[in-house]
């Protein structure tokens, strides 16, 4: 691999990372972003790098979706959460970009999980996730957090295998308890919009409070 | 129509759209903006375009205020909410710009509707909407949301026909439940200011909470 | 007066106005700023102008601290709240800049007034207002709002005449109920810092809630 | 000392100060930043300077970690909190940068102290502070505020002497009641990230409320 490969994809991730950093969703060195560049290869942010000021060398390529990769040629290590990205790319063909961020709001909402998921409010906005009728009551999955990230990845694969579908629609996103939001999309722009939409929904939920996350559907008063 | 028509109006909407996007009021591809360029013709943002980075080609012209338009010459479709804009332009001569945005705060306030409207607090700020005495108690209408947008447009026309006036003044704005704020103005700047003022009022209301939206008028303590 | 007079002062107010606008404290055309340029003369923002994009011509000069001024040479009218600025400049020699803004937080705090004032929390930050020991318990005055602004100005003059002093220190600021914060300073920078400090204190108070605005002083627990 | 010494360090502190100012953490002239440039010498922000627009001359050097310094050659006085910086540099070899800021959130959290410390929530994010397992329950120290800053510095030295360690890990940070957050790091970037991480945690805590700062650990519901 030449160091000048995938320049456009790297630029795109650097711009997205800077945007999310300035929103407060990737403070310090938190969060990680990736984009698939070949069926079994993706670029991912390196571990421990400040997300507001990434350089080209902070994006490392990972080949293979099943084995934990070593450090890249330039000594950078892929994000510690690389196994979560691998799980998504290996199980979901439609996923070509995976974004994992740590917003305050997503962590608050993750506290409200019951039965390993949280009900989303019936906002028109969630149509942007592919939902037809927001009033039907969609839920986002909440995975348990583990010190060992590969256990989270395993739980995620199990979740995909269950093919648990609410109202015949599976949201392209999940929460990890106390550990932020992960979304995927067909491309970087789609994943970007999904992050924006879900963070909007979480801001609404946090402002409404834990009980408000399930507003009464019946009637207009 | 030449592709280079209405360049100034397009530039203005692109700037407003970018401003609202950065305020968090048009995240992803949500919201839509229009400006009237002839008695029966208006420019409107195209469907599904990212509102933080519109181009000239993302503003499409709609001729006719009563029939749903088809796609524009360049393949862009007008916003799915075009019928709401048509209803306002057809019924209200003074409306030359219509802005529809999705702020978190407007959606929260829409939850608090009773009797299809919400009481606004007596802030000095609401004088900017044309109100003479803010303490008289003005209400903003809240329409029911429907999957079929033309039903919302019909409800809006009915509302205009009722000529329901609070304190002899009808606010140039309404909410759709879970579906954001719509305002109109005599020109783009007036509509822009009205959005700003109402969003200010909604931030106040959300901070005060549902009961605080009707603070005691009587006396100073 | 030459149109090119007081260019530096105008530039300074335009910059401050833009800063406050972007903080959400002067949305639309709300708020007004002034600076004294001679013992009985000051520059003030014109009425009805968008505070995020003022031009030189939007700053008008007012000569005389006791009579309501007419429109300026270029047809601009001084802010409708000009009489409040006149009251401060006429009564307080040390005031050379007066800023009046409409933040959401200041309006919320104004709701909590009892006995025409609100207790400020004992934050280290309020030392920046000239306070020696924040724990002594300082109060900010809250004036009643009136449709007729000259009545507010009269109430303010009465307040200055009473020389009502909390802990031998009068804060260089007051609130008008539902009608924002006003501060003065020896120069533009001092008034600017005082706005920043008080808005910081109000954000703290709003986050703590109405009862939290008077946190228990006694002991550390 | 030449006036052109430590130019890189000064530039770095000026950039950090501007960043924190724009976050609302150093409004007006509040807060102070320092970096160690020799074992017994550090640069620190001068007293009373606006933190959003520092110049080179607003960073003054302090030689000696035990005596209160006088004004610098150019007439600038070191920050009034200089003794706190001295206490950290004299007691902790690993500290080469010390940042003290006044965020609204840190002051709110300081109110919630019991037993002179506050429990941090088990967010994945706090791993960025060097914590291995966030679920173990780490506490941040809260010092009492005193008008005489040297008393705070003395309390801090006592705290270091006690070597009070929660779960065999001492956070590189502490709060002063009503008086902001202080962190240190091995270099400017580490201290910068720690400020970001703790402010993130405080935003979470404030949104959860006083009781939510100790969310139930047991089980997933």
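Should a chain be cited, it is by its letter among A, B, C and D, assigned in written order, with residues numbered from 1 in that chain.
As a working rule, a residue touches a chain if its C-beta (ideal position, glycine included) is under 8 Å from a C-beta of that chain, and two chains touch if they have at least 3 such contacts.
Computed from a predicted model, the values in this text were never measured in an experiment.
Chemist: Among the chains, which is located farthest from chain A on the basis of C-alpha centroids?
Modeler: For chain A, the chain whose C-alpha mean is farthest off is C.
Chemist: Once chain B is fitted to chain C on CA atoms, what angle does the rotation have, in steps of 5 degrees?
Modeler: Rotation angle between the two copies comes out at 90 degrees.
Chemist: Validating interface symmetry: for the copies chain A and chain D, is the fraction of residue numbers used by both over half? Same or different.
Modeler: different
Chemist: Round to the nearest whole Å and give the separation of the Cα centres of chain A and chain B.
Modeler: The mean C-alpha positions of chain A and chain B differ by 32 Å.
Chemist: Centre to centre, by mean C-alpha position, how many angstrom separate chain B and chain D?
Modeler: 45
Chemist: Two or more other chains in contact with one residue: find those residues in chain B.
Modeler: none
Chemist: Which of line, ring, star, complete or other matches the graph of chains that touch?
Modeler: Chain contacts: single closed ring, each chain with exactly two partners.
Chemist: Where on chain C does chain D make contact in their complex?
Modeler: Checking each residue of chain C against chain D gives 121-125, 128, 132-134, 189, 193-194, 196-197, 199-200, 203-204, 207-208, 212, 215, 220-221.
Chemist: Inside the complex, what are the residues of chain A that reach chain D?
Modeler: Going by the criterion above, the answer is residues 24, 27-30, 50, 102, 104-105, 107-108, 111, 113-116, 144-145, 147, 176-180, 206.
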